[in-house]
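First chain written, first letter: the chains are A, B, C, D and E, and each begins at residue 1.
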Amino acid sequence: MKYSYYPGCTLRTKAKDLDAYARASAKALGFELEEIEDWQCCGGVYPLGTDEIATKLSSVRALNEAKEKGQALVTLCSACHHVIKRVNDDMKNVEDIRTRANNYMELPEPYAGETEVLHFLEVLRDKVGFDELKKKVTNPLKGRKIGAYYGCLLLRPGKLLGFDDPENPKIMEDFIRAIGAEPVVYPYRNECCGGYISLKEKEMSQNMCEKIMESADGFGAEMLITACPLCLYNLNKSSGKLPVVYFTELLAEALGIKEEVQKS
Amino acid sequence: MSLENKEFKPKIVAFCCNWCSYAGADLAGSSRLSYPADVKIIRVPCSCRVNPMFILRAFEKGADGVIMCGCHPGDCHYSTGNYYARRRMTLLFSMLDYIGVENGRTRVEWVSAAEGVKFSETMNSFVEKIYSLGENVRLGDLRCKN
Amino acid sequence: MSSEKKQAELIKEISGVNPLKCMKCGKCSASCPSYNEMDIKPHQFVSYVINEDIESLVNSKSLWKCLSCFACVERCPRDVKPGKLIDAARQVVVRQKDQDYLSPNEIPELLDPELPQQLLVSAFRRYRR
Amino acid sequence: MQELINRAKELLADGTVARVLGWKAGDLPYNPEPAYFETAEAMEDFVYNGFCGANLSKYMIEASRLEGKTLVCLKPCDTYSFNQLIKEHRVDREKAYIVGVGCKGKLDIEKVKKQGIKGIESIGGAEIADEAETLTIQTIYGEKTCAYADVMLERCHVCKGKDHMVYDEIIGESKETKDAERFDEVARIEAMSPQEKFAFFQKELSKCIRCNACRNACPACSCRKCVFDSNKFDSSQKANVDTFEEKMFHIIRAFHVAGRCTDCGECSRVCPQGIPLHLFNRKFIKDIDELYGEYQAGEDTDSKAPLTNYTFEDAEPSIVGKRG
Amino acid sequence: MQRIGVFVCHCGSNIAATVDVKKVAEMALMEPGVVHSEDYQYMCSEAGQAKIAAAIHEKGLTGVVVCSCSPRMHETTFRKAAERAGLNPYMVEIANIREHCSWIHKDIEEGTKKAVILMRAAVAKVNLNAPLQAGESRVTKRALVIGGGIAGIQTALDIADAGYEVDIVEKTPSIGGRMSQLDKTFPTLDCSACILTPKMVEASAHEKIKIYTYSEVEKVSGFVGDFMVDIRKKARSVDMDKCTGCGVCQEKCPSKKAPSEFNRGLNTRSAIYTPFAQAIPNVPVIDREACIKFKTGKCGLCSKVCQAGAIDYDQQDEIITEKYGAIVVATGFDTINLDKYDEYAYSQSKDVITSLELERVMNAAGPTHGHLERLSDGKAPKEIVFIQCVGSRCSDDRGKPYCSKICCMYTAKHAMLIRDKYPDVNVTVFYIDVRTPGKNFDEFYRRAVEQYGVNYIKGQVGKVIPQPDGKLLVQGSDLLDNRQILKEADMVVLATAIEPNPDVRKIATMLTASIDTNNFLTEAHAKLRPVESPTAGIFLSGVCQGPKDIPETVAQAGAAAVKAIGLLAKDKLLTNPCTAQSDILLCNGCSTCENVCPYGAITYEDKEVNDHGIRETRRVAVVNNALCQGCGACTVACPSGAMDLQGFSNRQIIAEVDAICR
């Protein structure tokens, strides 16, 4: 099975790990992430002004490329996923945006939201299946107590993203279970880490991350996993009570290919 | 609404079911929600009472547009009437489209007794459409004798 | 139309929000993680737009404290989504000339080695035209 | 044919049937007409060949009221009509002894004539048992030939199949004659601009002389009294030429048979003006298939007809505009 | 040729301001058949009606057209007036020149023109009207009540007391409904069981009332006055005649793990069970899904211990068919599913409960025997937070757009009861609005605040955050103080929205009763006929029609009973004469009409006909006028035009079309 893959700016630089572990794990699980050509940065935030088009075009380009290849588009970074998924929804359902974007793009065939956008976790859950993943785990992470940190971008707005229950998600918990570890559910896992605000309001973001860490720690988590480079950054900037890693790192570890990836 | 063509006053027949749409039209009236006087309503017990022949008859007699309104699917006073009406009208409209009659001249809208606003909006938009299509010549003129 | 009215209309248009749907339950403010940092609280945004007091709104600190985390949007029972209003107000500000909240000159001092691109990119999108 | 005649005589003789409904030779070699035969002697006039296009199902409405059983010869496509009539309680299955007759495609004399063949005296190759793929035609101008398939009725090019839907026994083999897609013509018109569509139908319908041949031949048009002849709709004002029925006759007729029409093609076959009337019926059939699921009237005797059925999720009438 | 009178109403200035009524009356005289026309200030007034009567007498009118308000308003008025003057009421037609004309147009010329056309259409129709006679149908003097809660019980008692037979069909093993699950009731704080149980006993003892519990309505046919209903009596596996209700079987039953429906799943019950101690009938049922005997074939303990020999594992569902004249729907409500509201952590913490669950917790027969305790650890709570409007007043698809109406009051009740019994427990209520329109209601709420010190905070809660130590952190707004509150609580109670019992959709379909977008049954008129369904003979009792509290439910139950009694008291019913009729000579007998009739009003018969001298037997459609409701589906389905609708005939509608397009 081949998927189009949109890595995004950060996965090329500061979050190379997130990317490398994902690709290697995909291979081990029997699917391939085919990076789309000449992708451009998604912009990091979904443009909230309903009148903005230009800022949505890079996503449309990526989506259209996947459509032409007849593949679903897989993302890893929470921000990219959020932006691309929502732009896709606009292209599918908002006639005005669709028309204007297509006017700009001058594609051979207009794009109307045909591509399926999947987060890597959704591929694991819906395409591979957590039961199947469990079977492929060679190095179960037994006894590890792991807290999932979702943040906001993956979950909200819940109806649009359709990722999981935005108030009580469980996809990462199921993932943790599948790789043999024990999930720790804590109430702040869907609260925001402060996001981009940490650029100018470091203290605010750190307070928030502190709360998240404390809550996870209080419920007995030994480490946190995340899918978002920005969350990872912000969480690491706080007191750092708990280590934070990308979920793909643990996936690679459980599949027994972590060292291999690190070497390469 | 385009009123450039002052000469053209379309004739528009609206079939409304007694239980929902006619009541919706009453509500539009009692809420003073205006729509053009070109629309004349005929009360029928149910949308399923509307015989395609009535619609063709209206066109033949010079109507420029015919709209049928009924209860929303699932809300029919007679349970199932509008479901039959929906199939009949879909096929009839498709046939009219097939013989080259502008599709905009026929419409079905489901309007409940509580939707006075929808009734008036529907009529406004339908009348506007008819104005843009102009006079109906085709149906009156389908079979020219040589 | 007065300029305030125009601005209010603009905010409604950009955000796609109808503030009249608000029933003033305060669930947005109850959900907001930045609440304590804000001078105008999320639930008040709605009334500022209704009352067309856009001046106060665009000059409020809150504009730059909102995380766009969508907690308020997700939980709003009336489909009002104050978060979108805030975003729109921010747009109104940064679309005006010389109103960028972030200038490239400040960037170097804000940087650190771990800082992900994503952060800069998104901050730029939020704070600048 | 002989096998058919022999069997018919046998059944007449043993009293199984009181009469035979088939075709007898006409005054020309290509115009046999439906006829009843009550005795073995009368059977001498019986014919069955490529020109026996007439669908005899409709005659069974009348025959169902006669004393005793009627042997009726039905081609595969005719049996759909017969089934539909059973469903509508218009014929009595018990009163019919159905002989499913073989068919290798029926002929359109107009197509023969269009090939420039005139003054016809006799035609060879139209027999059902005949394997010949060409017709050999003796004319006053000498012998002419034409390919059988080239002069078949339109309906045989889109044949529904060689199986009889209902029968008591089958005599003779049928041949697959389908070499075109049933809805191609309809799709071609659908693809036209509204102006072209209108021009097309206006031209065709302007030929109509309201002779009612289509209505008389149509097995679905079996009403005791047609709405155009009754005063129920104020639709039969004979005085004015430019009346409602004049303009809307064919649309209304098509609507009345929508969901009941088996697409037997009799309307077009009998039209003296050559109007392709089947294009109306077939449009309804195409729409029904696309919107409500495939439905072939007459395939059975108990399914719900599309217009007396519904689902909660049926398409809205606005789909017509959206399909473009 | 008809002799038609046209009467144009001014409706004060309602019509006259935008329509030149004199002109309409004048133009009417030019229409075929019109022999009289006049205009008047208020046609519907006694004087106006007198004018119509006078004209009928003096001019020998055979038809009347009134140009006035909507026929939905005054058609009956004018038809009755005409009837009193000796004219067949169905010779009257209304041209709606108010709602459909004067009220929506501003220009007098335009309005007048349209009014004239509407008048013409009505005249054209009346020209083709024929006198119609309402038929008669009989009334079965027995009522069916669907649902055995307080609404159903009250309705049944009232109908039975009036001397008519009533059957109650209740889905669960006992009557009593939601009210039986409540601990105390507002605003008087009586014990719910103390006021409900006597009614339950009274109903079961009433000689005119028959109760079918553990039963469901399966099929309904017929029409007002003469419904035929199939009731499925589900197999109880216990013989109702033999069982003495001793309860030994329940004690001995080894399968005790099934969640108790009555206690909202907060504890468990045995496989053979009565839902609660005061259940009526006091005969248990076997839950076959939970029963070891049914699952494995082994056990049979209940049968062994039953001295009456009442256990019957082979019992089958039984279908009972009964005729009724009237049907009352009293299907009640349930609380909504809270899966989509997990910001309140309902699925994450056992100490977040719904108000209905709190009723069970507070009740002596409940899972905690009436002790207020946390369901997670059994500890006594010190801080309780109530959250209002959970799922009510939501315009998104998570909740319900309406106010559930009862929550403000029961929350005040809960708060007060807790403060009264456990004065050391602090109670906080987060509210959006406190709605207390009811007799002694606001006083009740104020008592909670002023006497019992319940802390009301205006503002909604955003999130309930379970803490590692088992406490719950409630993050809410205080809108009056303009601050965000973080409050630690031991228990959180959610005032969960109520919704109609999900079964009501199925029942409404069977009854052809209409239902709104929220699944509440629609009343025939929101103000003037609030307890009747638009479908004749169907009445509405309790929450199935809209949220309401107990006093309102009981009041509506009584009202529904009165309406049902009013129907049952009649010996005959007049039927709507605007029914379909088949022309025997045109009918093909094709059955198409039969296939689209929603009422089964069309049957086929072999009839002798005389068609222009030819006598023969034909299969023809026959309409049962008592069953036909006059929708007209058959008239369009009929290919030959044999089927026509009286009062809305093909020719009449075509005449209207022609008049409008003239």
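In this section, a contact is a pair of C-beta atoms (placed from the backbone, for glycine too) under 8 Å apart; a residue touches a chain by one contact, two chains touch by 3 or more.
Being a predicted model, the structure only gives us computed values, none of them experimental.
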Common touching chains of chain C and chain A: E
Chain labels contacting chain A and also chain B: E
Selected pair, greater C-beta contact count between A-E and C-E: C-E
Farthest chain relative to chain A (centres taken as mean CA coordinates): D
Cα-centroid distance, chain C relative to chain D, in whole angstrom: 72
Distance from the mean Cα position of chain C to that of chain B, given in whole angstrom: 46
Cα-centroid distance, chain B relative to chain D, in whole angstrom: 36
Approximate Å spacing (C-alpha centroids) for the pair chain D, chain E: 53
Multi-partner residues of chain E (at least 2 other chains): 343, 463, 596, 637, 650, 654
Of all residues in chain D, the ones touching two or more other chains: 227, 233, 235, 307-309
Residue list for chain B, restricted to those that touch at least two other chains: 52-53, 57, 80, 84, 88
Chain pairs in mutual contact under the definition given at the outset: A-C, A-E, B-D, B-E, C-E, D-E
Chain E contact footprint on chain A (complex, rising order): 159, 165, 167-168, 185, 187-188, 215, 218-220
Parts of chain B lying in touch with chain D, wherever the complex brings them together: 52-53, 56-57, 60, 73-74, 80, 83-84, 86-104, 106-108, 138-146
Complex contact set, residues of chain E against chain B: 70-73, 96, 98-101, 103-107, 110-111, 113-114, 117-118, 121, 509, 512, 514-515, 534, 578, 596, 598, 629-633, 635-637, 645, 648, 650, 653-654, 656-658, 660-662
For the chain A and chain C complex, residues of the former touching the latter: 8-10, 12-15, 41, 43-45, 47-51, 55, 77, 79, 152, 155-158, 166-167, 191-192, 194-201, 204, 208, 229-230, 232-233, 236
Interfacial residue positions of chain C with respect to chain A in the complex: 13-16, 33-34, 37, 64-65, 67-71, 73-74, 84, 87-88, 91, 101-102, 110, 114-123, 125-127
